[in-house]
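Here's the structure we're looking at; comments come further down.
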Amino acid sequence: MELTFFIAAAVAVLATIMVVTQYNLIHALLYLVVSFLAISVVFFTLGAPFMAALEIIIYAGAIVVLIIFVIMMLNLTQEDIQHEKEWLKPRIWIGPAVLSMILLVELVYIFTADTPDTYRSTPVEAQAVGMSLFGPYVLGVQLSGMLLMAGIVGAYHLGRQKKKVIHRFLERTEA
Amino acid sequence: MENLLWVIPALPFMGALLLILLGGRLSGPAVSAIGVGCVGLAAVFTLLLGFQFLTDAPAGGVYRQEVWQWFEVAGFNPSIAFHLDALSLVFIFVITFVGFLIHLYSTAYMAEDEGFTRFFAYMNLFVGSMLVLVLADNLLLLYLGWEGVGLCSYLLIGFWYKEPQNGYAARKAFIITRVGDTAMAIGLFMLFQYFGTLHIQSISTEAVQSWPVGAQPALLIAFLLLGGAVGKSGQLPLQTWLPDAMAGPTPVSALIHAATMVTAGVYLIARMHVLFELAPVAQLTVAVIGAVTLLLAGFSALTQSDLKRVLAYSTISQIGYMFLALGVGAWSAGIFHFMIHAFFKALLFLAAGAIILSLHHEQNMFKMGGLKEKMPAVFWTFLIGAASLAALPLITAGFYSKDQILWLALAGERGNVWLYAAGLMGAFITAIYTFRMVFITFYGESKTHLEHPPGTLIILPLVVLAILSTIGGFIELPHNFGHVVLFSDLLRPVLPNLAVDDSLASAEWMFQVLAAAISLAGVLIAFLVYLKKPELHAQIRNSGAAMALHRFWYSGWGFDKLYGALFVQPFVFLATLNKNDVIDSFYSFLTSLTRALNRGLAQTQNGILRWYMMGVVVGALIILTISLLP
Amino acid sequence: MNTLPMEYGLLLAGILFVIGLVSLLIRRNIIFMLISVEIMLNAAGLAFIVAGARWAQPEGQVMFIFIITMAAAEVSVGLALILQLYHNLKTLDSDAANLMHG
Amino acid sequence: MMLAWLLILLMAGGILAWVSGRLHAQAPRWIALFVSLACLSITLFLWTQTPPAISPAGTWLLRYELPWVPQWGVSFSLALDGLSLLMLALTFFIGLVSVLISWKEIKNKVGFFHFNLLWVLAGITGVFLTMDLFLFYFFWEVMLIPMYFLIGIWGHENRTYAAYKFFIFTQASGLLMLLSILGLYFVHGAATGTYTFNYFELLGTNFPPGVGGWLMAGFLAAFLVKLPVVPFHSWLPDAHSQAPTAGSVILAGLLLKTGAYGLLRFVIPLFPENAQAFAPGAMLLGVIGILYGALLAFAQTDLKRLIAYTSVSHMGFVVLGVFAFNQWAYQGVVMQMITHGISTGALFILAGLLYERLHTRDIRQMGGFWPAIPKMGVIALVFVMASLGLPGLGNFIAEFLTLVGSWRANPVLTIFATIGLVAATVYSLRIMQRVFLGAQKTSKGMRDLSFREMVIALPLVALILWLGLYPQPVLDLAQGSLEEQLEAYQKPELKTTSPNAVTLTAHPQDSVHTLKGGSHALE
Amino acid sequence: MRLNDLTYLMPLLVLVGASIVTMLSVAVKRNHRVVFGLTVLAHLVAMYFLLPLRGFTYPIPPFLIIDGWGVFTMGLILATSLFVTMVSYAYFEQREERKEEYYILLLLATLGACVLVISQHFMALFLGLEVLSVSLYALISYLRTREMSDEAGIKYLILAAMSSAFMLFGMALMYAVTGTMAFPEMAAFLNSGQEMPLLFLTGFGLIVVGVGFKLGVVPFHMWAPDVYEGAPAPVTAFIATVSKGGMMGLLIRFISETNGYRYPSLLLIFTIIAIASMLAGNLLALRQKNIKRLLAYSSIAHLGYLLIAFLAGNQLGVEAVSFYLVAYFITTLGAFGVVAFLSDNVRDADQLEDYRGLFWRRPATAAIFTAMLLSLAGIPLTAGFVGKFYILASGVNTQQWILVGMLVLNSIIGVYYYIKVIAVMFAQPEQKPELRKVLHPAISFASGATMAVLGLLLVWIGVFPSTLVQLIRGLLVTFMASL
């Protein structure tokens, strides 16, 4: 089990690093899916099988696909990959990376400063999750409904297009 | 009658007020009537009151009248109250009477001037202030008069304001006297601190009781009051304004800068004689200042070419004599000389004014000459005045008053030989420059054309003053020579008598002869150098050292330059340097600092999203780091 | 089940979080930014799962569900916005979107 | 209630004037004139009602109090004593003059102008009347905005800058005072348990060591800036010279006086010991102000700026006197407040009249105006002389009393202050010389005072003469309140015997709960 | 969840219901006026249901708690939102965009803010916050044809999501330490423990990032000017008030419940943030020529002021925060109301030059704007003065001299730019064409009336603060008692 965790964790980290360093959006998204899959394995090892499923279904399944749809709508080309290359110069990433690394070091220090605290991984099954979700936290469910409603209304309003976007060079006619 | 004391100063004030308020609407004669009439009436009242004072002497020798209480703060309660004793009587007599004559003279002198009304308004205001000064029963009221005359002096010196030079002279006079006044004001603060009042009589009595001779505070106060006195009276070291004050119309010079105002210092010292007697060092200083001043001014007078400036320096010099007298404790002698000086100096100025007017405002003696025939009346009166100034023996009043001072400077208990020598030397120089003036102006060849000969209104005051300058001396004669002591008797209740060194008393006649001889010698030298052998004069002048000396004396011993370098220039320099206020630039700096900060910070708002996120990360880092801190 | 220190799970979450953060900071493509945010949110979710597992409570998982919900709502609005922006700016460069500054 | 009416009258009048400006161009003027006249008459009526010499027991002539924010211990508390009455009389007199002087000068936005004018007066009136520190600060700030508008809208060419400067300086110092007011409030509350801003209750507060000084510093900041004292004066020349005539008159005549009033009314009675400790420093500041102001005044070429710097110089006497702690100096200060208000106000009026005629304030372009405008010349002469402290005019009494008093407190500084009189002569005569004497520079458009202008000028002359020759009514009126301020100094043992056991950290128990773990003090 | 709870949740339910009803009505027929009416009505009804909740402390475990503080902040949020709605009508009427979704989003955002301030559980906090945020994303970029609007939206979205991630991570850490997400239990855990675990503190720090972002304080402030500028003026008003105020309400509840004042490092963090916010906000605003950005910077500074009172950590401090929030809300609403009122259908009236001589063209509008600016500057006769006074009082009371000193310094800097705007309004008008096409007066009636009410409120509170003080004290008694 421990080994599974470590392997999955390593895969997740590597896949995520690949996401960050890819120039091609689609490739990056594929790595992202890999990363999500690895994380879902981690969920299993942590005793949250239901969440592992949700991770795959919603993140990898829904959200990534949504993004891919949009990318398709935007009609990206090789040119854009070139742009990505240009944009990802060391001059640009060195500063943020250093800052983030400091942050990481601090986090690592904080996580390891206390004496290691082990736990017994008793799995929390889907039923328990469901019971609490629709028990004490039912208000939360309702609120997330409102959250989704806000998202939908917003996306509906913003996403509306009078004309389909063809290409930025071709399209001249929109209001 | 004594209840009408307030009328004397009130009359000229009323005149001034009338002239100011109605000014534009009055005709020339009406203006003269008001201007001269008020002073004349004041003179009449003075004579009446003086007559009553002399015949029916009041208890304590004082008339006092409180008009109203000025103000009262925590026991400080000066009044608008007048105090008439012998000393002030002498002064108000001179002020109103000589003042009246000069006013009269001015109606003719100023007749053509566009500021005729203004002139009389100022003059009346001056007379009023001066009367307040000498009649005041407390020092604060005295200070009011003191500053009031200063103001009038300023206004009148700058009367012909279109010339910037006159304005400059006027301001110089005001500011320099103000320096002295400041010292005096501090003296008043100290007096108030010690006595809780500024009432002169109370101070005089209490000072004697509470302080021994030589007491520190008395010394300080006496010095401070002396500061005021030297400022007003044009004594060293504040004498520089007086020669320049001649920029005013000549009657002004006669009244203010010769006869009355400049002697206010003498009055003050005489008034506060108690303090000076408690502070012998201060009193000695008075004498020394007097002696030095009379010499310095005398030498300067020797070199002047402007008729009025000669007279101005001679005024300084003569007031030096008065100071000398006061300094050696010859109080009544000083006051006596004041009176006589008022007569003959007014006379001289008025006569000079007559000349100047006739010569179309020409003041340079060297451009005159030969006026003896052209204006005989003026010549003779001028000559009488000059004789009095030069103290020609026996016939002139000046001789008696000056001789008394000289004698007491030597023989008085506080006199010494050095003071006497200085006085004697001064008398010699006086004689020289006086007759230098006479010879250059009236003798020799005529260089000018007489425009309008002086009229009656001009001659009349001259004659009256000439008479006074002659006979005035006979009311006080040395005890080995007639021994008339009317004047000192009059003053005795007010001013202490001076004990005379008996060892010298027998030799008094010798010194009188010496004094007479000295002045005659002076006249002789003047005659030789300026009339008989002008080439001698030129010879002396052209020698190098003499030329330098001449220039030095001519400029009044370089005091103007000195003060300019010491005070005026640094002040002006600082002022112009700091015109825009260095402190302000500190605040401007703060403003630009915030501006710079703004500019710097505005750079961070560059609109780039990644940069904003960096901000968040930095913030998170800082927060985490702080959390990590123990 | 065997035992595993909680710190390992948190470490993984932390590492993923920071990678997401780095990506967010260095990427100029707005879609990449959105993806990076998803990585970060996912890392936070992971941390909740770890914490929930530690206490053997369902709360961690419940929270993860809410996080996913929020991520979905946000991505939908975000993508709509990106479309709109691309429509206006013709680029996905976030640095180009700086009409407003100063 | 009478006191509240004054405020209501002014404020309502202001609004009315503003509104009426839309109906008729002249209406605001008449309304403002009427309002200020009414206020002046009320004040004078109150004056006639007071007994000639007020016994120390009954210093307060009128009191009016309404609860305002009872939760904080703030009340709408007005009170009138001799000092305030004098200040009110001055306020409304100057107000009246300002209305009259603006009659022709202000041509646009007349309604709004008079609104601001009356509201400034209302703020000043409030400052002079209020006996609640919160309310005091309130009015202190109320003065500011309308004044800002007066300068900023109707001022001269550089008005915006001047208005900012004025506003920021006074605002900054005012905030410091607010801090001190609050500190005082809490110190007093912690010590006695009653939280109040009431002046009478705050009197005699004992301070923990070191605290009193800081609290006083806040008050001083506000008052010294307003006064102003070098080196906080730099707003003044700009504000004074850029303001319209009425603005300059009110600034010099009234606004500066609020600083002096604050010193007398608040700093001295509230912090007797600290004030005494600070006295030498304050007096030194005063002397520096006198001399520095004089030096700067001499250098100026802008007439209004010159006059403005003379204010700096003259206000130095006020500081000198306030910290001398004796009757003479205090009476001198009160006289200085009044006479300076009149004389400098008059000088600003003259500058304004000259500006109207010449459209310049540069004295290098003036000169020799006497023959053309002799009336103005005479009046200028009077006030120039007042400015240099000529006896017989009110300013002399003021300065002399101040100096007499300060001599007792500190002779050395008094000597330097007295030297200031010489400097005053130097700059004052410069005005006369450069404007009225010398060769005539221009005669274009020079006309002498009109009837309206004479109506303004003559009362000013009469007043300054009256104050110089018979100031007793004014002195009597002020005496009672001044004695009260001084009482603390005559009985110093009262102040020092009670031990100061209270510390600030003791928090009020009745009104302030602390949250869990709250109420910390940051080190 | 009991049935009884529903009465206490009525205000929230009304908002939820209203948003759904509105959405349905839009689905049937678009009518701006009807939607507007519905929204206004919803606010009024919600406020009506809020009224009886005063004076109780009613926890609805595990998520929510209704107490004085919650009622106060909710009331404030509802009222503010109502004013925003009122101002919005005229603003959106003249734009050809579809207007109706705006009101749905506004209602949802208000709902989120309300949940935020009464939450006592991380989940409720998170959900409330996200409902608010997600609605705001859409609201900010609502005028989607404006590039600036889109740009502001995307900036806000990315940054908000990022800060949410930080916050979530922090919450997870705290949860990992304490094993609970409810505030009371968390407090219990902390009170039992001797020392605050490092992990907990870290979690707290990361939450502060999220909080700081929403509050718009330095260094999380950089979005503020861009979003303020890009968003439609009413939305800007909403962000400046409801979003920030909601977060402030939450912060006070959270810190006081979990007893955060004990931890010096937390106080140090907030002190630094407060000082930096005051300074940066005011300095940045100094030469700003864009009114909306200027107000954004000023809001950064004002949040810094608020933190001073927050840091006082006693009742006086909470009172001060409450009062200041009210004053600040009124002022901000008024100011943005004026901006919205003057805007035309092409762009918002956000340039300083648009205001030149406004006083002589539209005296009433200019007077209200002047009053608002003076209130921001803290000048008497306005509510802002009393608010600032309150804050100073709380600072002086707890002797936070550094903070108080900074407040004074910053007020002075602040005065400059507020006055600058006023000066421009009072400057001589230049020949400049009227900025906007004149709307039918009836349309802007709602805006005009709203602004008049706001102006009156401003002066009323400024002159007679005691009513409000009384109200706040009354409400806070239950809050204090609940602790």
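Which chain is which? They are A, B, C, D and E, in the order written, and residues in each are numbered from 1.
Rule of thumb we're sticking to: a residue touches a chain if its C-beta (ideal position, glycine included) is under 8 Å from a C-beta of that chain, and two chains touch if they have at least 3 such contacts.
Nothing here was measured: the structure is a model prediction, and the numbers come from that model.
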Number of steps on the shortest touching-chain route linking chain C and chain D: 2
Shortest chain-hopping distance from chain B out to chain C: 1
Most distant chain from chain C by Cα centroid: B
Reference chain A; chain at largest CA-centroid distance: B
Higher-contact pair (C-beta pairs counted), C-E versus A-C: A-C
By mean Cα position, the chain sitting nearest the middle: D
For chain B paired with chain D, centre-to-centre distance based on mean C-alpha positions, whole Å: 39
Centre-of-Cα separation between chain D and chain A, whole angstrom: 69
Cα-centroid distance, chain A relative to chain B, in whole angstrom: 101
Chain E: positions in contact with at least two other chains: 123, 127, 130, 134, 137-138, 141, 144-145, 153-155, 158, 162, 198, 202, 225-226
Multi-partner residues of chain A (each touching 2 or more other chains): 96, 99-100, 103, 107, 110-111, 114, 137, 140, 144, 147, 150-151, 154-158
Multi-chain contact residues (two or more partners), chain B: 602, 605, 607, 609-610, 613-614, 617-618, 620, 624, 628
All touching chain pairs, where touch follows the definition stated at the start: A-B, A-C, A-E, B-C, B-D, B-E, C-E, D-E
Contact footprint of chain B on chain A as seen in their complex: 95-96, 99-100, 102-103, 106-107, 109-110
Touch list for chain D against partner chain B, complex: 165, 230-231, 233-234, 237, 295-296, 298-300, 326-328, 331, 368, 370-371, 374, 378, 381, 385, 388, 390-392, 396-397, 400-401, 403-404, 407-408, 411, 414-415, 418-419, 421-422, 425-426, 429-430, 433, 436-440, 469-472, 475, 479
Residues on chain E engaged by chain C in the complex (per definition of touch): 122-123, 126-127, 130, 133-134, 137-138, 141, 144-145, 147-148, 150-155, 157-158, 161-162, 164-165, 168-169, 171-173, 175-176, 179-181, 225-226, 229-230, 288, 290, 293
Parts of chain E lying in touch with chain D, wherever the complex brings them together: 256, 259-262, 264, 267, 271, 311-318, 360, 374, 379-381, 385, 389, 392-393, 396-400, 402-404, 408, 411-412, 415-416, 419-420, 423, 426, 464-466, 469-470, 473, 480, 483
Parts of chain A lying in touch with chain E, wherever the complex brings them together: 107, 110-111, 113-114, 136-140, 142-144, 146-147, 149-151, 153-158, 175
